[in-house]
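There are two complexes below, and they share subunit A, which is joined by subunit B in the first and by subunit C in the second.
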Partner chain A sequence: MSEQDPIVVRCTPELTYRYAAGRYGSRFLRGLKEGRILASRCRRCPRTLVPPRIACTGCFGRMEEVVEVPPRGELLAYTQVTFPFLDPFTGVKRPIPYCYGMVRFEGTDNTFQYFLAEKNPANLRVGQRVRAVFREERKGEMADLVCLEAAE
Partner chain B sequence: MGERVAIVGAGQTLHRSRRLDVSAPELIDEAVQAALTDAGMGPDGIDAIVVGNMEHFEGIHLSDLWAVEGTGGVGKPQLKIATGGTTGSSLSQAAYYLVASGAFRTVLAVGWERLSDSEGETTTGIVTAFDPIYERPTLAGAVSGLAIMACQYQSKYGTRPEDAAEVVIQARENALRNPHAHLRKPVTTAEVLASPMLSTPMRYLDMCPTSDGAAAVLFTSRPGDRSAAWVRGVSGAHNHVYLGDVAEGAASFLNTLTIAAERAYKQAGVTSPREQFDVVEMYEPCTWAALEWAESLGLCAKGQAARLWGEGTTRLDGDLPVNPSGGVLCTNPIGATGLVRVAEGSLQVRGRAGERQVDGARLALTTGFGGSFWSEVMILGRDA
Partner chain C sequence: MQPVVILGAAQTRHAARRPEASYAELAFEVVADVLARTGVGHDRIDTVITASSDFWDGRTISDMSVQDAVGAAGKSASKVSMDGAFALVYGAARIASGAYRTCLVVAHGKASEGMPRAIASAAFDPIYERPLGPDDRVALGLQARRFLDLRGLGEEVLAEAAAQAWTAAASNPNAERREARTAVQVSSDALVADPLRGSQLAPDSDGACAILLADEQTAAQVAAASGREGGSTTVRLEGFGLSTDMHGLGDRDLGTAGVLPRAARSAYEQAGIHEPGRELDVAETYDASSAQTLLWREGLGLPPTGGPAWNPSGGAMGAQPGFATGLVRVAEVFERLARGEGRTGVAHGMTGFVGQAHCVWVLRRR
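Up next, the complex of A and B:
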């Protein structure tokens, strides 16, 4: 280092966090354990949303009803991620490439962002039918829902 | 509407990929001193300060504490505003409201970021903004979130990657005239289409850079005989928590921009934005966003933005110049980025934009983008 070089100081903390899934989130994750997709419903709008949550996106009304929706839907947008980055969820580089998309489950009004089974984006198209793939050993966590795969 | 509010000073740092020559307060100082010089004002003229950045990137919390050496906030009311990508535009809106209310005569807005502090891991910081259970596992920051939007836009209108490339080609040409800009090197269509794919259909050169930099803007109800840019319209629209809710409509991803723009246009008496605005400083984090959001702003019909750029309307010498500064595609210190749009818009209507000046600019449209696709708009005029 020369006399003119700016001096920098490095800092490498290891931090851990724990998040509450909440009342609605816990029901959703327990639903996944049973191989079911749960949504919340607003009678006023009416609107059905995945994941279930306390307040309606349409009218801020209370979503008192939690219902099961079919584990299949329509792909409304997708991307294949190909650049490397540090995953704040795991603290290590996220494995790439992977495809994910926005899926509208049947009977719902919003989309759900999740992994796609397809590895090649050239085989994906907007409007495609997809279905949920669950793993055999389920624990009540997001990973119980492995991905969404082509249903046609 | 309360007091009429004018911008009488705007300052920016040199925005670069790494400003290792200065600490955070020194970086802020650079922008604040430039704004005071531009306004011909001393620090005693400032009654209150709003300051902000996007906290995760530097790993600094209570960033308003760190900033105070640069803002001159000791002994004065100083509030932190942090709304992610919109931090800079939110700062301008907060400063406006504080002055318009009559509570303060002159308010300084300061936005800053040192994206290089996290050593390239900007995406990591952005991912932490989203729901840890449902959306963090899939999201790859702004890059993939915007790629999803681009996928929808492309599928709907058949827009080609070369149409999007035209946006960054023009931005880079403009940045050559802006000494503050970070990326000042022309690019060609072939270079854009050959740049690495980040997240389909988004390539490296479609995406904004990460920069270190700061901006400071002075808002006052008493401009006196100072050169002034008058705030003519202000609005914002927040959005849903999940990106899956944002994509609900799928017809217009950034409907919040349309909502905010319509309210601001009404305040400013703008009924035909394409004809009435002389210049636009838009927060376009990627090429595809510039296209779709020009449509959300009503600058052209849906699906027609590629023609707006292709025919040169958006060029510095075109009918409606967009981002004479080079925009976000050339400079992106996130917490300052939205405030840079306001600073640039104010310089344009004050006739102080140097080599990037749009001849005779009287009415400027500026926008901010952030979070789960939310938006803010500020309209600036030479006339009150």
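Up next, the complex of A and C:
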């Protein structure tokens, strides 16, 4: 280091979090364990949202009902992830490239984002039908839902 | 400027851990509660101000992740990343300006989800201070030592103040600490940051608080619609003061109340208070340690004994839900005045270590 170099001090603080999934998020994750997609429903609007949550995005009412929706829907947007990325749950690099997209599950009013089985965006199209693929041994976590694959 | 009325307040039950609720769910809980209490519909809320910390929530731009839960979507919303008492300044300014008729101020904190000590440590200077291992509690220990030394006091005063706080909190259904303790009990647990013991430090809590503000005309309409007698139970914000000190602990005199007297003076002047010890009926302070309980009492211009009801909720020593803590002080004073327990009260919020920034509110029932 020369006399003129600016001095920078490296610091590596470590912060970990224990995010509460909450009442609604916990129901969703338990639903995945049973191989089911759960949504919250507001009867006033009416509106059905995945993942379920406490506040209705239509009327700000409390979403009282949690219902099962079919594990299939329509792909409304997709993109490809091409940069190296550490999975925040495992700390392991996820193999790239891969695609993820936004799907409107049947009977719902918003879109849910998840991994797609298809890795090449050239083989995807908006409006195509997709279905949820669950793993065999499920634990009540996001990884229980493997991906969304083409259903036609 | 428009006078600013507090229509209502709501807070959660604060606890060391609320793993069953996400922080958005805690925020929704208090917003739904304050709307139900006041009979004000969500469609009548003009603007929403939230107080949250990205570090505490573990979410970048943490206000955005609670907008749905506080009903801010489609409305004019903004954030203060400081204690909720400071967010109330922003909210009150929006009403005072005449640009908005109603404003919801919401603060939440969930200590249980992150690492409170590590997050506190990251606020210290990375070159000169952080290698020493400082955090909020270490700073509180330094402050308590300076406080005792400057006055020639013994550690027993810390225990006495802590015992009073524990005893008050025991009868507060929303407090985390719900058991009365004697001075002997709070002097027998382990030292956490000499001279402070664990029970002489505010706990880390999960909780949220919401306060609904309105202009006078809206307040009268809401009172009329609810069938209550309009005007007679109106609680107004009548004065506030803000003051910020030097950042470095070494550049402040930790043994004094620092810049708190400046903030208090400003609030008292606006509210026309000349003798706070005689004119105030209730005082609630953000005391992160029992040394601060004593220091902030002095800084607010209150006598060591007598004067207004002092931290009847137990203060922050009863529960410290992050940035909701100062807003809870305002809510506590409001509830007491609205119930007719006194006419004028002072609420104090704080941000930064050992009181770098203070916010003082005077509330009055008309």
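Quick note on the criterion: the second predicted complex is superposed on the first by the 141 of 152 C-alpha atoms of A that agree within 3 Å, B and C clash if a C-alpha of one lies under 4 Å from a C-alpha of the other, contacts with A are read in each partner's own complex, and residues count from 1 in each chain.
Going forward, a contact is a pair of C-beta atoms (placed from the backbone, for glycine too) under 8 Å apart; a residue touches a chain by one contact, two chains touch by 3 or more.
Treat the numbers as computed from the prediction; the structure is a model and nothing was measured.
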item	value
Touched partner set for A:F115, first subunit B, second subunit C, both or neither	first
Partner chain(s) touched by A:C11 [first = subunit B, second = subunit C, both, neither]	both
Touched partner set for A:A21, first subunit B, second subunit C, both or neither	both
Contact residues common to both interfaces of subunit A (with subunit B and with subunit C)	11, 13, 17, 19, 21, 25, 53, 57
Residues of subunit B defined as touching subunit A within the complex	20-21, 59, 121, 123-125, 127-128, 132-141, 143-144, 147-149, 151-152, 155, 196-202, 240-245, 247-248, 250
Residue ranges of subunit A touching subunit C (in the complex, touch as defined)	9, 11, 13-26, 53-55, 57, 59-60, 62
Touching residues (chain side subunit C, partner subunit A) in the complex	18-25, 28, 32, 42, 55, 58, 68-69, 71, 73, 110, 112-115, 118-119, 121-122, 126-127, 130
Complex contacts: residues of subunit A adjacent to subunit B	6, 8, 11, 13, 17, 19, 21, 25, 29, 49-51, 53, 57, 76-83, 85-89, 94, 100-102, 109-115, 121, 125-126, 142
